[in-house]
Amino acid sequence: MMDEDDFNPEVVKRFLFVNRKAPYGTVYALESLETVLISAAFDQDVSVVFMDDGVFQLKKGQDTAGINMKNFSPTFRALDGYDVEKLYVEKESLEARGLTEDDLVVDVEILSTDELREIMAAQDVVISA
Amino acid sequence: MKFGILVNEGPFTHQASDSAYQFAKAAIAKGHEVFRVFFYHDGVNNANKLSEPQADDRNLVELWGKLAEESDVDLVVCVAAALRRGIKDDILAPGFRISGLGQLIEAGILSDRLVVFGD
Amino acid sequence: MSTMLHTVNKSPLERNALDSCLRLAGAGSAILLIEDGVYGALRGTSAADRIAARVRDFKIYVLGPDMAARGLSEAPLVDGIEVVDYEGFVDLVAEHEAQQAWL
Amino acid sequence: MMDEDDFNPEVVKRFLFVNRKAPYGTVYALESLETVLISAAFDQDVSVVFMDDGVFQLKKGQDTAGINMKNFSPTFRALDGYDVEKLYVEKESLEARGLTEDDLVVDVEILSTDELREIMAAQDVVISA
Amino acid sequence: MSTMLHTVNKSPLERNALDSCLRLAGAGSAILLIEDGVYGALRGTSAADRIAARVRDFKIYVLGPDMAARGLSEAPLVDGIEVVDYEGFVDLVAEHEAQQAWL
Amino acid sequence: MKFGILVNEGPFTHQASDSAYQFAKAAIAKGHEVFRVFFYHDGVNNANKLSEPQADDRNLVELWGKLAEESDVDLVVCVAAALRRGIKDDILAPGFRISGLGQLIEAGILSDRLVVFGD
């Protein structure tokens, strides 16, 4: 078994992480973000999609003090430093939730359903939670 | 063909681990290789050796362990998810090992297909 | 006949729990939106009209700490929905004869 | 702490068990049924409601051999022997799922939404999963 | 462009997973209904029309063992949906370039 | 007033245990009694003493135990649900006890209100 640190594959795959769940109500948003961060170390072609209630993960102004949980939304802003730059948000999901690009904690590319469909179809590995 | 599998849920509460197990068995029966099963989120609870289902119920912890032994499947439990949930070496079932989340990405790279089961 | 406090912890944009609660809750009962259920209190979502249509049939509350965690402290709510904290949650349970959780 | 066997309360409360989830996909249906069975030992006024996808719990002809899980649907027929006789099914939920009373594994009372609403409002303790 | 196998394990009568899959799946991809997702294959439910409207856009499959467990072996299916077993599931994964789980 | 609480989910994966804990704390702060918290389904995982969250995260297993000690709350883990999931005396956290499902019904009878938290 290879160690993570020694692992330097020549193959580059397109990895897509799909976020469809709201934060805090379940842990999937937080733990999936940990997967995205780890993936950055593997020099793969990483994309992250936020759709359905997953767009709520990016809402500005999260303050978790009152529920004693960890506010992980600032970490989305750190993704850029890990060279994870392809963050996509479905326009239809955003609009159905009364949100606009200004409500989001990080710069993302807002895509139509048709555009997102093409990107999702072009992936080698899709990890959802 | 070389399969990797991701299991996001523990035994009993969601069918995800059952479905993943049935899929893995069928894949192996058809001559495919199941290279690795990665347990994340509540999936780490599949590795709790103290699990003791009723006599007439399936025992997924044992079934996974047996599959690992018979078909050389690498059962990897995510260390971060496991620490949180109290799955440690003291109660780790035979056939499982605890390692980093990088093993999931590696499984995605090294397998021909990564198949995801969750809730 | 008891007066009921109904709690809903699921997003109405993802699941049917709030719709089922609105269908089955007795007139005059209270509904408290908690956890991911708080998204049901937002004005401007595709679910908002369904909730707004029923605010006169029930007394609808939303849990403030769950709103704040999700960045919704300043978000406009459907008219007639009242924000409570955990102490208010306790009061609601005490003031009603039973609680029903829509999970 | 009193032992279960010694426990003989004079108070009789109206207990309602609400089943809104399909069987097998999650364990809630099975484990909630265990709760109903236990409740029978306490001489309370027990009702059980099946609505939304919970009506699928009662579907006839379940055969779990192919998924290696335990078929617990015969247990619903045993409830009668435990004096749990008030089994209610919401008509609207049944119809939305293309089912009729003939599809169900046990005798139940089919109620309109209005009728069910009244019964649900008359309970002291509501346990849902 | 890969050909995708989409798996859906949620009831369309309770959650939005199948609707989202139908919205985002590329034309010609395959959709396999498993676990509580198999209810999406049933004729005569309030969700059936939404699925029936798309059977020409996708190849839709349903997992037989999950149907049988739920008492649906003999149940009429939406026209055009094909039943497979776990071996068929494995074949579908092998035949498509990637799998996407709608959870 | 006398409250009973039912917790259906484990720590971390769903907010249910967090919500129940915050509710219990607020109830006690307001002078109510929390007579019993019953842990069912995956809720039994709240009693795993091996749970080790990250340093900056809350530790629900400890928080429940502390609440039990300070406010005399009876924390009951369902034996049947716990056996299945491998929660046994070996790893049972301080403040919890394992008992039968009848304790849930009893809580419903003896409390003025039974409050349910789940997924």
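Each chain carries a letter (A, B, C, D, E and F) given by its place in the written order, and its residues are counted from 1.
By our rule, a contact is a pair of C-beta atoms (placed from the backbone, for glycine too) under 8 Å apart; a residue touches a chain by one contact, two chains touch by 3 or more.
Keep in mind that what you see is a predicted model, and the values were worked out from it rather than measured.
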{"item": "Shared interface partners, meaning chains that touch chain D and chain F", "value": "B, C"}
{"item": "Farthest-lying chain, centroid of Cα atoms versus that of chain F", "value": "E"}
{"item": "Interface with more contacting C-beta pairs, comparing A-F to B-E", "value": "B-E"}
{"item": "Maximum centroid distance from chain C, chain identifier (CA atoms)", "value": "B"}
{"item": "Centroid spacing, where centroids are CA-atom means, of chain A and chain D in whole angstrom", "value": "40"}
{"item": "Centre-of-Cα separation between chain E and chain C, whole angstrom", "value": "33"}
{"item": "Whole-Å gap between the CA centroids of chain C and chain F", "value": "24"}
{"item": "Approximate Å spacing (C-alpha centroids) for the pair chain A, chain C", "value": "29"}
{"item": "Of all residues in chain D, the ones touching two or more other chains", "value": "24-27, 52, 67, 69, 124-126, 128-129"}
{"item": "Two or more partner chains touched - positions in chain F", "value": "8, 12-13, 15, 19, 22, 41, 54, 57, 80, 114, 116, 118-119"}
{"item": "Chain C, residues touching no fewer than two other chains", "value": "9, 13-14, 16, 35-36, 65, 85, 98-101, 103"}
{"item": "Arrangement of touching chains [line / ring / star / complete / other]", "value": "other"}
{"item": "Chain pairs that touch, as defined at the top of this document", "value": "A-B, A-C, A-E, A-F, B-D, B-E, B-F, C-D, C-E, C-F, D-E, D-F"}
{"item": "Touch list for chain D against partner chain B, complex", "value": "24-27, 67-70"}
{"item": "Touching residues (chain side chain A, partner chain C) in the complex", "value": "21-26, 52-53, 56, 59-67, 69, 71, 73, 96-98"}
{"item": "Interface residues, chain B side, partner chain E - complex", "value": "1, 3, 8, 15-16, 19, 22-23, 25-27, 29-30, 32, 112-119"}
{"item": "Chain B-facing residues of chain F, complex", "value": "10-13, 41-42, 45, 48-54, 57, 61, 80, 83-88, 90-91"}
{"item": "Of chain A, residues touching chain B in the complex", "value": "1-2, 4, 7, 9, 11, 13, 15, 27-28, 31, 34-35, 38-39, 41-42, 44, 124-129"}
